[in-house]
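Please read the structure below before turning to the comments.
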C-alpha cells in the first residue's frame, strides 16, 4: 500500500500519516518523489484497509501495491534510480562499464589490466579478493591482501573498485576497501548477507541466482532496501538451462522485465554467462541493445595464465573493440545521455 | 572427411576422386569454393582412411571433419551462404525483416498488415495458413484458402511470402504457393518432413526446437542439405526453461555459436520467444546486435482481435519503431552492406 | 461441458440431447459410464450455455469441464481405461512390462532377446524398425524388414509387439504389422501423425516430449481420442533439464499428476530417461512405486554390439532382476490385482 | 591420490608416509578402512607424483583419484558411512524417517505433531526455527524460542531433532540445541557456512541446491568433510525445471548416482520437491524404491493454518499411510536390515 500525499502536504501532515501507519503496527517508509512525498506501508500482515488513511489531511490517494516486492517496484518509485559512485553515475541513461580480472592476483597484474581497461573506456575496476569456489581445493583469493591491491589500483587510476563480499564475517572488511560491494549469484538468497548489505552505506551489485525467477531476484533486492540501503544495482549473468554451448544461458528478456518492474539500474555480466571468450563481445552488444545500463566484463592481460576463469576473460585489445561497438549501439538509443568515457574519468 | 583439390585440378581429376570415394561405398558431394573445389565424403560408417585419397592426382589435402554435422559446417564451407528470394538476399551482411500476422485470417487483414509492414521496412511477408495448435479444438488455419490469400499479398506488394508446412501431405501444396517454407519448432526433428524439405527447390526456414541443442538443430538442417536443398535459414525462437517472465528464453548465444559453426544464415523470432508484446522491440534490438541476419516478427493491425497469438503481436506503428532502431544498430556493424528497405522492394 | 443423463434415460432421450448439441454446431460424444450415459460437448467456440440442455428430458446434470483437455480427462471419464492387447491388459491394477532391443537388427537377435525377456516376465516385445535419428548418417532401422521380423517374434512367442511409427507415410505399414503403435517423444506434437493415429484401430503408446508440459502431453493424447481412437497409453521418458548425470531427468511426479488428471494408463521408459544402464533398475523400481501401470525397458543380449542405444540397454540377466524387484513392489500396492507373468502369456 | 597401506603396516610406517606427504606441502588425511589404513592426499596444486610414496615401507599401492571430490568419494572410502544420532542409525540399510512441521510455531503444535509422527514411525523430528524466506516481509521463524521448543519435544519424545542453520552467526546457537543441523538448498554453496559446519561435532544434513549438479553438491559436502566433519547426510529435494505441475522436479536418478559415487547416506525430501500434498506419498514410495536411505517429510496437524508451506504438509493420518507403504517397499530390498520403528525409539 502506498499513501500518496498531495503536493501541498505539510511536514506535519506527513508526520501524522506516518504515526497513523505505525499505530496500526506497520512500518512507514518515506519515498520522496520529484514533486510530492509518498509513504510506503511495509510489514503488514494481511491486507491493509485504505480507509484508515484516505481521509487524513494532506493525503491525495492510497494506492494498492500489486507486487510482492514493494520498495524496489516502480509502483513505489516510478523514476529511475541513479547511483553515484565517485564521478560515475549508474542508471537512467548512463552507460557504465566495469572491467577487470576475475581474481586479484598481484598488484602488477591489476595495475596492468586497470590501465588498459580504463584507456578503453571502463569506468569501474573489478577484481575478486574473496572468491567463491566450487572446490575447497581451488584458489580462494588473496583476501585482504587482494583488497589492498584494489585500493592501490584506485589510487593509481582514480577508478572506483568493485569486489565481492562472500559472507557477513568479511563484509565489513570488504566494505572498508571497496566502492561497490558485489553479492554473487550463489549468495543471492543468503538472506543474512542481504540484511548485512542493507545496513551498508555502499552501493551493492546483486547478481541474479542461477535458477532465480525475476520475483525472487527482486525480493532479494527488497531485503537490501528494506534494511535501509537503496543503492542496489542488479546484474543479470545467465541462468542454468539444458543448453551447454555457453556456460549459462544469458536471459536478456530479464533485463527488459526488470526495467519495467523496478526503478533500479540493471547491468549484464556477459563473461560469466558465456564462459567462453568468443561469445563475450556479441553478448555485450546484445545486452546494451536490449537496454541494460552497463556491463561487467572480465579482462585479463594473459588469460591463459589466469588463476581462475581464464577461458572467459577478454584480451585487453578485445575489450577495446567491445567498448567501441557498444558505445555506438548505446548512442542510438540515448543520444542526449551519451557520456564519453574520457569525461567520466578523474584519473 | 573433406578432400580439398588443388586450384589446378582438372575436372577429370575431380571425377576420379569422386569415383574413388564412391568405390569405397561412400557418398561424394562437390562443394565448390571461391578458388578451388572440395569434395565432401558422407555416409561413411566408421572412420575414413585419408591415405586412400591423399595420393590421387590433383588432391591438395584431406581434412578430417570434427563435427557430427558436415554439409552445414564451416569446415565444409567456410564462406557464408547467401539465399536469394526474389530481390531479397538473406545472410552475409544483409539485414532481412520478415513480418506479418501469426495466422492468415482474411485477404483484407493480410493486405492491410502487409502494406504497413512493407512501408516500415519489411522484406518478406509471413502468415500461417496451416497452424500447429496444442489443442485439437483451436483454430487450425485457413489451409489452402490462406495460401491463396498470401499469393494475393505477393501480387499486390511484391513481397515474397513465407508460410509454414506442417506435414509431408501438405508440403507440396505449400511449396506451390510459398517463396520460403517454414518448418516449425515442434517439427524440428520431424525427419520425414526434413527429408521432404531436402527435395524442395524452395528455401526453408528451420526453427530451433524448444529443447534442442545446437548440435541437434544443425543436424536437422543437415537432413535438408543431405537431401540436396542447400537453402536453409536457421531461426532461433527461444527455448523452454524454468523462467516464466517470457514465454520462452531467447538464447542469443546460440546465434553467436551458429554463426561460428555454420555458414547458413540465422535469424531470430522475438515474438514467439517473448510471447509478450512489450519485450519484442528490446529483444529485436538485441538479436540484431548479437549478429543475427534478420528477424521474423508478428505484426497485427488489431492484435486484440487476432485469432491466435495476439498478445505477442506488435501494432504496425510499433513495428516502424522497431525497424528504425534495428537499422541503426545494424549499420554500426555492417556499414558497407546496409541495405535500405526501399531498394530491396520491387513493389 | 458434460451432459450427464439419468440412469433411467431412454435411448430416444439420449438421441434428442445429441441432436440438440449438434443443432448448436457442436460435436456430441457419447461417453458410456458404469451406470449411466454422459454426453461430452466438443468443438464449441466460446462458452456453452448449460440452460440449453438442463431442461431436456432425461438430463440429470450439466457439468462444466475445467480442463482444456476433455476426452482424456477424469471429468469426462472417472473410471480408469483398460487397454486390452491380446491377452495383456494395460491399466487399472495390471502391471505391464514391455521389453526388447532399441532397434530390430536381425531375426536371430530379436528371437534371442524375446525369449529371454519373456521368460523373465515381459508381456510385450518392443523393437524399432523405423528409427528417429538425430543424424541423417546414422542407422535408420530395417524398415519393413524389421516389421516382418517382429511378427516372427510374435508368432514364435505369442507376445504382442510394439514398434514406432515415424510418419503418416509409413503409419499404415506399421499398423499392418504391430499390435501397439508407438509415437515417439520428438513426434509428440506432430499433429498430422496424431490425427492419423486417431483413425487407427490399434492402441497407441504416446511418449511425452522432451520439454512438454503435462497439459501439452494430454492435449496431444486428446488429438488421438478426438479422432476416435480411445486406446492411448501414455509414456513418461524423462525431460530435458540442466542435469547431465542422466541423459534426461525422469519426472515421476508427472505419473502422479497424470493418474489424477486422466483415466488413461501411464507407463515409464527408464532406459531413455537414464541413458545409462546402471540407473535403469533403480528408476524402474521408483516408477512402479510411484504408481505407473508398467514399464518399457530396453534389453539387448549383447549391448556393446547394439546398433543403437547400447549404453542404456540391460543385459537379459539384469532384466530378470528388475522383474523380480518390481513385482514385489507392485504387490505391495495391488495385492488383489497382481498378475503373474506366466498367466498373461499365451505362448 | 590415495596411498593404501598394507594390512601389516605399522603405525610408524603410517606416520612416515604422513610426514612424507606433508613434506611436499600437501595435506595428509587418515582414512581408516575395515582392514587397512589409507591416507588421502589433499590440497595439492597440480598432479602428485606417485613415485614419491610408492617405495616407502608399508605402502601397498598408490591410487589416482579421478573425481574432483575426494573425501566424499567411494574411491577414498568404499564402505557406506553410517551416521549415528542417538539411537538412530542413518545410512547403509537403515531406513530413516524424519518428519515434522515446516516451521516451529508453538510448543503445543510441535508436541502434537511429534507424538503423531513418532507413533506412525518417524525417527527424527524436524521443525524450522530460523526460516529462509523469499520475502523480507514473511514470517522468519521463532528463532531461539523455536530451538527451545524443539528441545522440549526431544525431552518429551526421545526423538532427536533436526533444524536449519541459516548463517554462521546463528550456527553456534543451532548447534547448541539440535542433534542434526540442516543446511538448506539456497545455502548449498554458502561456503562460509559449509566451512563452519565442517568444524561442528554435529551431523549435517546438506540439501541439494535448486540448480546444482551432482558434482557441485558433492563438492559442497567435500567442504564439510575437508573441515573435519565426516557426518554428512545428503538430501535430494527436487530441482528447478520448466515443469510446473510440481514445485520442483524430483530427480531420483541423482540418488542412484550419489549412492554410486559417494559413501555418504542420501535421503529425499518429497515435500519440497512436490509443493503439493497429493504428490508426497507417491514420491516417497519412489524415493525409497530408488534406494534412498530415508525421507524428510513435512507433517502438520492443521496444514490449512500452517504459518508456512501448509499446502505441501501431510495430515498425520496420511503420514501413517506413507510409513506403512514405504516400509513394505524397503523390506523388499533390505530384508535383514529392516528396523521396526519401535526398536529405534528410546521414548
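For reference, chains read A, B, C and D in written order, and residue numbers begin at 1 within each chain.
As a working rule, contacts are C-beta pairs under 8 Å (C-beta built on N, C-alpha and C of every residue); 3 or more make two chains touch, one makes a residue touch a chain.
Because the structure is predicted, anything quoted here is derived from the model rather than measured.
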Subject >> Comparison of B-D and C-D by number of C-beta pairs in contact, larger one >> reply: C-D
**OP:** Compute the centre of every chain as the mean of its C-alpha atoms, then state which one is farthest from the centre of chain D.
**Re:** B
**OP:** Answer with same or different: of all residue numbers used at the interface between chain B and chain C, are over half used by both copies?
**Re:** same
Subject >> Between chain D and chain B, distance of the C-alpha-averaged centres to the nearest whole Å >> reply: 50
Subject >> Whole-Å separation of chain centres (CA-atom averages), chain C against chain D >> reply: 38
Original post:
Which parts of chain D, given as residue numbers and ranges, touch two or more other chains?
Top reply: 211, 239-242, 244
Original post:
What part of chain C is in contact with chain B in the complex they form?
Top reply: 42-44, 68-70, 132-137, 166-169, 186-187, 189-193, 209-211, 215-216, 219, 222-223, 226, 239-240
Subject >> Of chain B, residues touching chain D in the complex >> reply: 240-242, 244
Original post:
How about chain B: which of its residues touch chain A in the complex?
Top reply: 211, 213-214, 239, 241-246, 249-257, 260, 273-274, 278-279, 282-283, 285-291, 325, 328-329, 332-333
